[in-house]
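You will see subunit A twice below: alongside subunit B first, and alongside subunit C after that.
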Partner chain A sequence: MNRFWKLLHMEVSRFWKLYITLFAMTLLMQGGGILYVCNRYMQTVKDKMGPAASTYAQYAEEHGVVTFSDILSEAQLYFLAPIALCIGGMGLYVFLIWYREWMGKNMFIYRLLMLPTERRHLYVAKLSAILLFVIGLVAFQLLILPLESALFTSVIDQALRGSTESVTSIIQNHAFLQILVPRTFTEFVMYYGGGALFVIVMFTAILLERSYRLKGIAAGVIYVGAAVLLMIAPMLIMNRDMNDYLYPNEIFIIELTIAILIGMMSLAISFFLMNKKLSV
Partner chain B sequence: MKRYWFSILLVVFILGSIGTYYVTAASRSYPDFKLLTVSGDDNEAKSLVLEGTIKGYGSLDVSSKGSEYEQEESYFEQFSISKRYSYNQEMVQLFKEHRGFMRAKRSTNSIYEDEKTLAYASFNSGYVDRQSKLDVSTLDLKTKSEQSFTAAVPNHEQYNYAYVIDVQLDGQLLYIFSTNYKKNDNEERIAGNLEIHKYTVDLNAKSISKDEVLFADTKQDNGEMVTYSLESSMPSKAPNDVLVYRKQTEKLVKDKDGNEMTETSKSELFTLNWRTGQTTAVSSFESNGSGEWVGVTADAIIWTAQQGTSARVTNYDLKTREVKSFDIAVPSVSSSMVSGDRLYVLSKEGDSAKVVIADLKQGKVVYTGKIDINEQGEDRTKLLTNLAIFNLYVKK
Partner chain C sequence: MIEFKSVRKKYGRKKVLQDVSFTAQKGNITCLIGINGVGKSTVLKAIMGLTPIDGGSILIDGMPVGKHIYEHVAYIPDHISMPPNMTVGASMQFMKDFYASWNEARAEEMLTFFKLKRSDRISELSKGNTAKLNLLHGLSLDVEYVLMDEPFSGIDAFSREQITEVFTSKLVEDRGVIITTHEINDIEHLIDEVVLLDNGFVKSQFNCEDMRMQEGKSVMDVMREVYIG
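Then we have the complex of A and B:
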């Protein structure tokens, strides 16, 4: 177990510079975007009010107030672009976390495979690292959302602001954030568990490629396709417009069982490949 | 340990941030609306549920016990079919009692039930090429034997789409009343292409033995259109000899922007005894815009009409053709519903929400209540004004 923690720390420390860059980029783009949109809004208000000596309160009465959620949807590009970049980056790193070991003249995989520990520790460390990074990014978004809201409060005059929203209602009323941070913790575990399953399946495909090279690519693609097909099999078999043959709780239990089976099978194949087939 | 600070910090940070968020979200408090009795028997409103939404908090159910918010529900509750169909207790009951038979059966109008038989008939929907089939299933409630078959629909190529409004059974003959949309090439208005059909299904022969067009939209010489619609009754599964339909005369008019719209010049109500084919006009029904349609039950038609500070409830007996009416003191009728022999009316005006329950047999009010919240001053007014109720149902 001690070995696992050390390997996990190694993965984290190899990625931390890039990771901090993702944090910084998100903070700058979202903060900058919200600041820009808030200032633009204040400018529009001032322009519309003109030289006449009317107050913000009067303006709010005529044109309505603005909330942080309104600004968020106005600044959508600045807000969602860094999230998309983080998702893309993490998607790419699912592959890089393996392939970087084979890069360079002195391949690092030599040393890793020689370590006096079970090889599956290596696998689990990589999987945990990816999950940690992804959830870390979500945690960072949760941290900076109140800060961005404070930015909104400081730029927009009190009289122009609508009622204050809690972080929960900002997230649950946002079309995309409510997927990243679902309503209940159970859903959070379900969603990110689904993400972990996806990573496990991708890792299996990568290990197939590393073990059998060209033939492995074909095997990997077939494996991913088979996993997807298995997941949607209940819908395909029912072949109904509304998927209403099974009751909702039955569909949930069946899908959960299939997901667990795919996960266990993928882990078994991956551990087998790592122990018996993986070579430098 | 010093070497690992970044990893440790990352894990602590994740636990702190996500943990704080979900603890805060779980401890969020929601406004607790409640249905309070003003006069009458508390028990009348015990199972009444008012479904609505409130800005900032999402959808909720208000009852005499308090409020339940969808956002407070656990993740797994969304997989419960009785929760999903809570607005339709008739279906919830059937899902509970006949779980196997009710698979893939989700339309209330398609159900028929008497002491001996439970029947279901619906058209395959969604794809044009599959619409030509009618799925029929029956369950013998005594022997529990199930029969199901698919029957070809006569002249199906003439129709784009069809759906079932009511199903009735007589011995081995199942009658299906449906609205069919005729195919049209010239993109004409849909309203002019409706037909009300009566299909007779022979359960022994497992096929449709007769297809009758009861009513069809017609265009008159003066440009007016006569359209027909069948009203579904509540509870829709109940055996019923008399069906209620509406005949509307419509005219195409142009508004000031030149857009075409239909204007109803006449709306009449009729009853149809499907066994004898006899139709009778419900002469006492006048649709003058100020009234609200409540619905058809197995033995009556009920509607309301606002008259100043009270609403006049009219109860038209389908068998005796007797008309009874009585007044309930509400400034408006926002929602109404009939369950058993009780009429439920919600009147929502600004921050006041009044609930009235009336006994239709005796023609008198048995309960008056209001939605209230344990808040004071501006908050109270704001919350009550923002509350929107869109449906009422009685929980079984």
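Then we have the complex of A and C:
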């Protein structure tokens, strides 16, 4: 097996337990939250119906039906908290995936840098692992949506439920899920390309720090600042001097070009640092 | 042959290697001697491309340092370079997966010789057993050169004996070995060449046998002359 794939396999294996924990946490918090909100809704319905004991159908006629999207909005905290934790966890892991190699007295970086393979394979394996983990988390979210919808169906009486929603319509009705699952290719490039660019730029900053230590921290901060400035520069110029001068798709192409340039420069700097400057 | 030519290296403002040149031949055990902090480990790391140098050049059989050397040179640092939660068996599998020069039969032989258990986690090994596993990782590679950084540092007498035995066995025979130490007594009888480092320079390089025959001096005698005056 190609050494890159072996490195990628190793990266995935090393994160496996934490990854399962993130899955479990998402499932438990979202599932628990939806169950809680559904039960609370049913209790409210029962309380409002009172001792007169009218039927659920009558209640629905008076107050309207509830959909899974409504429950999702009510359970916003339980739904978004694990996603935020996953994003935060992955954000931290962008750093940990490198720094753990230098941690402790058994520094693994000695062995990794002495592997008889291109050092960029190590970099690409770490980058691919992060991107795979993110895609995996999104896929898991999509997989558990029908399960959560089934929970809703099992708790809320049929008479109180609105028409069954497909996963697509659940996503379309939820502002944050629309970002996780973009509707158009342009949105996909914006959200996921942006995320990948963030990881690539942060990797460069980390490698600058690992290569030049204290001076590297300053270089890393300046590099990240410069990258952010370059990315927002078109917007700043547009707002100040060229209001409404360009069409949105033209702005998108300018941003995409800048992002590709930053990405390529970051990769070139990172590979150079890995080959020539990185120190154990 | 490993050629270290006018190598310079500084950490911050501290010049660790100012103008270090020496050669290490295949089939010889070359010992880098010097007090702590003199740059012995830096020399080995520089050969392995684990730390960049500020000047000079390093050649291994005439070729500069690059990914190709890792199938020809093994480095055994003064600590094991595997994650602590890995088992002995998993660490051997890792080496087998990545190195074409991994010699499984030799690894098994050393595993038995050192009485290590595959199922033990690296974090649970004693200092002596960790050093033995470290040695196993390095010596089970079919390489021409082996670099060892303080292999006897901080380990018990019995482990020391076992490791010394390795030096006189076929495991080291015919290979070029560079070993660093600041305690020469344990290995004086094993080494062929000595490189004395001090203040970023090579103070002296000599062949032990020649020194004994021609000047009647042991390595310790030469060290006294060089370091104490």
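Note that the second predicted complex is superposed on the first by the 268 of 280 C-alpha atoms of A that agree within 3 Å, B and C clash if a C-alpha of one lies under 4 Å from a C-alpha of the other, contacts with A are read in each partner's own complex, and residues count from 1 in each chain.
One rule holds in what follows: a residue touches a chain if its C-beta (ideal position, glycine included) is under 8 Å from a C-beta of that chain, and two chains touch if they have at least 3 such contacts.
It should be emphasised that the depicted structure is a prediction, and the values quoted were computed from it without experimental measurement.
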- Counting only touches as set out at the top, which of subunit B and subunit C does A:Pro116 meet: first, second, both, neither? second
- Task: Identify the partner contact of A:Glu62: answer first if only subunit B is touched, second if only subunit C is, both if each is, neither if none is.
- Result: neither
- Classify the contacts of A:Glu187 with the two partner chains as first (subunit B alone), second (subunit C alone), both, or neither. first
- Message: With both complexes superposed on chain A, which partner does A:Asp47 reach: first (subunit B), second (subunit C), both or neither?
- Response: neither
- Message: Between subunit B and subunit C, which one contacts more residues of subunit A in the superposed model?
- Response: B
- In the overlay, answer first, second, both or neither for which of subunit B and subunit C A:Phe252 touches. first
- Task: Would you mind listing the overlap between the subunit B footprint and the subunit C footprint on subunit A?
- Result: none
- Message: Taking the touch rule as given, give the residues of subunit C at its contact with subunit A in the complex, in rising order.
- Response: 45, 48-52, 67-68, 70-71, 75, 77, 79-84, 94, 97-100, 122
- Note on the structure: Within their complex, subunit A touches subunit B through residues 8-9, 12-13, 16, 132, 135-136, 138-140, 142-143, 165-169, 172, 181, 183-188, 190, 240-242, 244-249, 251-252
- Query: Which bits of subunit B are touching subunit A when the two form their complex?
  - Reply: 3-4, 6-7, 10-11, 13-14, 16-18, 20-22, 24-26, 28, 56, 58, 71, 74-76, 78-81, 84, 95, 99, 103-106, 125-127
- Task: Would you tell me which residues of subunit A are touching subunit C in their complex?
- Result: 1, 3, 6, 10, 14, 104-111, 113-119, 276-280
